[in-house]
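Think of it as A, B, C and D in the order they're written, each chain with its own count starting at 1.
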Amino acid sequence: MDLFEYQGKTLFARMGVPVPQGSVARTPEEARAAAEEIGGRVVVKAQVQVGGRGKAGGIKLADGPDEAAAHAEAILGMDIKGHTVGVLWIEQASDIAAEWYVSFTLDRGAKRHLAMVSAKGGMDIEGVAAEDPDAVVRLHIDPVIGLTEWQARALVYRARLDRPAARAAAATLLKLYRAFVDLDCDLVEVNPLILTGTGEVVALDSKVTLDSNGFFRHKDFEDFREAFTEDPIEKLAREAGLNFIKLDGTVGIIGNGAGLVMSTLDVVSLVGGAAANFLDVGGGAGADTIRNALDVLTKDEAVASVLINIFGGITRCDLVAQGIVEALGSLDLPWPIVVRLDGTNAEEGRAILAANADEKVVPAATMREAAEKAVELAGGA
Amino acid sequence: MDLFEYQGKTLFARMGVPVPQGSVARTPEEARAAAEEIGGRVVVKAQVQVGGRGKAGGIKLADGPDEAAAHAEAILGMDIKGHTVGVLWIEQASDIAAEWYVSFTLDRGAKRHLAMVSAKGGMDIEGVAAEDPDAVVRLHIDPVIGLTEWQARALVYRARLDRPAARAAAATLLKLYRAFVDLDCDLVEVNPLILTGTGEVVALDSKVTLDSNGFFRHKDFEDFREAFTEDPIEKLAREAGLNFIKLDGTVGIIGNGAGLVMSTLDVVSLVGGAAANFLDVGGGAGADTIRNALDVLTKDEAVASVLINIFGGITRCDLVAQGIVEALGSLDLPWPIVVRLDGTNAEEGRAILAANADEKVVPAATMREAAEKAVELAGGA
Amino acid sequence: MAIYVDESTKLVVQGLTGREGGFHAFRNRDYGTDLVAGVTPGKGGTEVQGVPIFDTVSEAVEATGANTAMTFVPPPFAADAVLEAAAAEGIRLIVCITEGIPAQDEARVFNYLQQTTRTPLIGPNCPGVISPGKANVGIMPHEITLPGPVGVVSRSGTLTYQAVHELTTRGIGQTTCVGIGGDPVPGTSFVDVLERFQADDETEAIVLIGEIGGNAEEQAAEFIAAEVTKPVVSYIAGVTAPPGKKMGHAGAIISGSSGTAQAKQEALEAVGVTVVTDPTSIGEAVASLS
Amino acid sequence: MAIYVDESTKLVVQGLTGREGGFHAFRNRDYGTDLVAGVTPGKGGTEVQGVPIFDTVSEAVEATGANTAMTFVPPPFAADAVLEAAAAEGIRLIVCITEGIPAQDEARVFNYLQQTTRTPLIGPNCPGVISPGKANVGIMPHEITLPGPVGVVSRSGTLTYQAVHELTTRGIGQTTCVGIGGDPVPGTSFVDVLERFQADDETEAIVLIGEIGGNAEEQAAEFIAAEVTKPVVSYIAGVTAPPGKKMGHAGAIISGSSGTAQAKQEALEAVGVTVVTDPTSIGEAVASLS
């Protein structure tokens, strides 16, 4: 789950990483009030779950409350790479002596944590890494003992951060790493981490991606979601425990297992169609899960036909068939449903459908046949 | 540093381990007040840094304040294996359903932490281990990842602690282990760890030995020492940074390095004498250290002669000689001092003594010769 | 022969008393797998359908001679369960089915096992391992398998079934099918499994099912070039997946141009692997090898 | 030959800019040890008496080819310094002189090194290693040593000097003298050193200096019985030490009857070791071997 900058900073503050004082604002008036309370110069920052907001005009410096309100007026509602700005973060302007880049993430290839530090922060770090690879210092961390003090120091010295600030910088790296691990993050990125004129090290931005698998350890993290303006269909799907992503085509896809669903998308594309979505019911789906999945697709007007592709393992095909039958009885399903069942209890499932389903349900013997029928029923390629 | 029971319990409480409510008392009146505040039945417990106080009559149950005061009167001043009772711990009486034994320590042979758990707590655990070794379950812990949850459970089940309390017992083991590691303990022992009639797991006793090398991480631990009635000579030595232990003989020993000092004791014994103390000035002793060491020995009236045995490495013999000369000038030294110097700057040291010391200082060429002369000067075997 | 599991497998299931764990473990037993014990802390001394339950894995191993552990315990306790299985002397394989383990736990456990034990871990978040006709340790539907000469390895669960199904319906059997799981830090990689298939006398060809994200397929390609002499057929899912979107498996995130299905297909083709673009073609491709 | 350190030793000193570190490191250099670098975080780029200082050990190794690290940093930072040295590729020996490291740190570092590296750690709280005439890495006074055929290993600092002194004054030289330190968790044990002396062609006899506490001497006796064919002379300090009192070395605690000087002496005598009861007899005992 990608957090807004201010949410990440809340977590940083909790872990002892210095961040500038600031407040959330959702209206120009709230922005003005925040600027008044902070005093002096403030920065008005669009909160979006996407990079590049600075270039897009989503970050503005204001000399006082009036200017802050005016900037807020301009930024609220702005579209930044498909994200509409609904929340602002008003924060005290910082006195910047140096801008650095820091991140902690998992290197899947090495199966270890990876720290990256650069003295060239505050700009497009991918560009820096491409043009001058030595400017981004990389160091692998053994998750068993975590970032050691010598590694934190080595990162600081090798990246050639300002030497007098080395001790403070290394201490901040250690705290950010603790946040990365203890808060179950997939990513902690700070760009820029700044050195102020008075020698303090402060996180001026935050990009934090939380691992939702770790939420059982952090009961309050689910609350972060309240700040997001989520697509209503995606929200419905999430609340039903379904993994749903909206796509651009007309064939609604329901399957079990991310690999099989991805593959179904590919085969639909191969036979000339386009998927309307990715919907993975996961392992061990029961009848209810299938009913809920079909219910989610009824909310998407782009869907012209639906393809249910199940290969039973932990999932039982008889329960899937039962869910389809229940949905037919209780929901108003406007499209034909091509169903392909294989694996655990597949025959029982097919028998249930043959006995109970109406003509909306079209059986298919293979994945390819199912894709061809669904594309045809959706109105062709 | 061995803590009193109540000090260990303070640390347990800090780490979330349940302990009975209680107060310190140094007089019968304080004991009465403590019992009044606690209410109901209380236990009056002698605080001594030695085991076996129960058998010695140092633990008494009281029905109320008056009886608590009477027990306090009896126990205060009691001698328990050479330790005079000066402090009491008055605590709420517990409802005991089961008594277990738990300890965490370092197994030097295996170089790993060792957990020991027994369902036969509340009694002499060494006896239990000797008679019925299977009654004490042992498990090694890798200090790299620490006690895992499965290990805590395995200890509980293998020791056959009460099954309905298994979860609470395992959770308590995990907390005690965290105390052992995070508080830099050499030993955490709870005998008994009890199960109460209402199903709670409570530490009814504590034996905690702190590693003073870890005190830099725990600034407040030095304060525990205030409660101890320390031997004045040992206190003087400790404050001077000297490692001093009082022994029974007449030859005062000063040396550098625990091994060499132990060996010096052995050689003194071999030639028919007996050491008055063990005094290790450590590595890198300067002139001041030697002067302080001699000053400490002046406080011990049993000393009849002194043997200074230095083999210079990190310690420089010239500085040792200088310290002796300074002591001769500034202290009133009542005994002859046999000095044996070898190693780093030994010749310079001998020269300094030859030029500046008076007849009190007797040089010796070898350790054995030094021991013989010191024993002779002390009045023989 | 076969790899990882066979007639000598003696299975202990962590979480046998749970609904999912019980369902699949007894299916495994019905298939002929030697299910010898279950572990559920606090239920030691009981039994389920004739299988004794123990409080700890080491007690189960001591009492039953179990040599393979399968983990079905919920995500908050799964990392610890894997450590417990790894510490039990006698356990030579751990299969972790559990989905939803935090990535930080996976990373710590993976590295700790690497540093302290030689016991392989398959998974987590995987369908397990089946050696058709010999043993099934996991949740794969054994009905779709057939004994034979092809080794199958896959990052995806249901897609593995699809691939095996394609083989079986053409009469092509399998030595062993291994689902390594699609989590960020799988205990066993493509390379580990390829090494075993290469060394297995009965395995004549290998099917490798990959998907977008990570660089496991690229590492597999390197290893195939260097060490694998048997023919390999591969399918990579996610050709049409939108870039940068998270597709269920935490792993399946496209980062830049690396990790795309196209890049993986090219890497594998470059080392002589037959890459098919449709999972239903896997059977045909393998059939045409001989 | 010699063990651990010799003419090929290229030394980097962690804490060279400190008072103690500098004093001993330059004494080592004066003796002929190839001191190539110092490490003090924040002082990288400076130099002390011609020796370049680096911020990190790995930079020092890259720039100078250092292969041996000696640690003089204060106790709160020493465990981390050892981990840093162990992680630097090219470092083949770490000698940690620092006294006063918390036992919990020692236990963690020791086990982590065992699990992740083959680099031996000597110490902490030890006097170091000297191969007379070749190299000195530590705080032992080289003046008392003499090249020759006897290997010396000891848990005690000053007692080692005493033993070496006894040998040298009799004209008996040493291949290498190793002080393993008396802390609860020494990185190198008697057994590790005995193994090297046994394998070292030039070492003809071994002197082992033990003390009360722990069971390192008993483990040494077992190893001697099984693997050591060279004659061993031993002295154990602490025969008259009062039981149960802490004698400076945190390790030197007698627990019950095991760990006593008597028990250790008996264990060693039982496997053919010549045990002397007075350190001044070590020289005589070795002299009478031939």
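Here, a residue touches a chain if its C-beta (ideal position, glycine included) is under 8 Å from a C-beta of that chain, and two chains touch if they have at least 3 such contacts.
Just so it is clear, the structure is predicted and the values come from calculations on it, not from any experiment.
**Student:** Give me the set of chains touching chain B intersected with the set touching chain C.
**Tutor:** A, D
**Student:** Between A-C and A-D, flag the pair that has more C-beta pairs in contact.
**Tutor:** Pair with the higher count of C-beta contacts: A-C.
**Student:** Which one of the chains is farthest from chain C, going by Cα centres?
**Tutor:** B
**Student:** Can you work out the whole-Å distance between the CA centroids of chain A and chain D?
**Tutor:** Roughly 54 Å, centre to centre.
**Student:** When the centre of a chain is set as the mean of its C-alpha atoms, what distance in Å lies between chain B and chain D?
**Tutor:** Each chain's C-alpha centroid was found; their separation is 27 Å.
**Student:** Where in chain C do residues touch at least two different other chains?
**Tutor:** Touching at least two other chains: 108, 112, 115-116.
**Student:** Identify all positions of chain A at which a residue touches two or more other chains, and write them in rising order.
**Tutor:** Residues 142, 144-145 of chain A touch two or more partner chains.
**Student:** Which part of chain B faces chain C closely enough to touch in the complex?
**Tutor:** It is residues 142, 144-145, 148-151, 153-154, 157-158, 163, 166-167 of chain B that touch chain C.
**Student:** Sort out for me which residues of chain D touch chain C in the complex.
**Tutor:** Against chain C, chain D makes touches at 115-116.
**Student:** Inside the complex, what are the residues of chain D that reach chain B?
**Tutor:** Touch list, chain D to chain B: 20, 24, 75-76, 99-104, 107-108, 110-112, 115, 127, 139-141, 143-144, 154-162, 165, 182, 184-185, 209, 211-216, 219, 235, 237-242, 245-252, 277-280.
**Student:** Contact residues on chain B for chain A in the complex?
**Tutor:** Chain B residues touching chain A: 144-145.
**Student:** Which residues of chain C touch chain B once you look at their complex with the stated criterion?
**Tutor:** 41-42, 44, 55-59, 77, 80-81, 83-84, 87, 108, 112, 116
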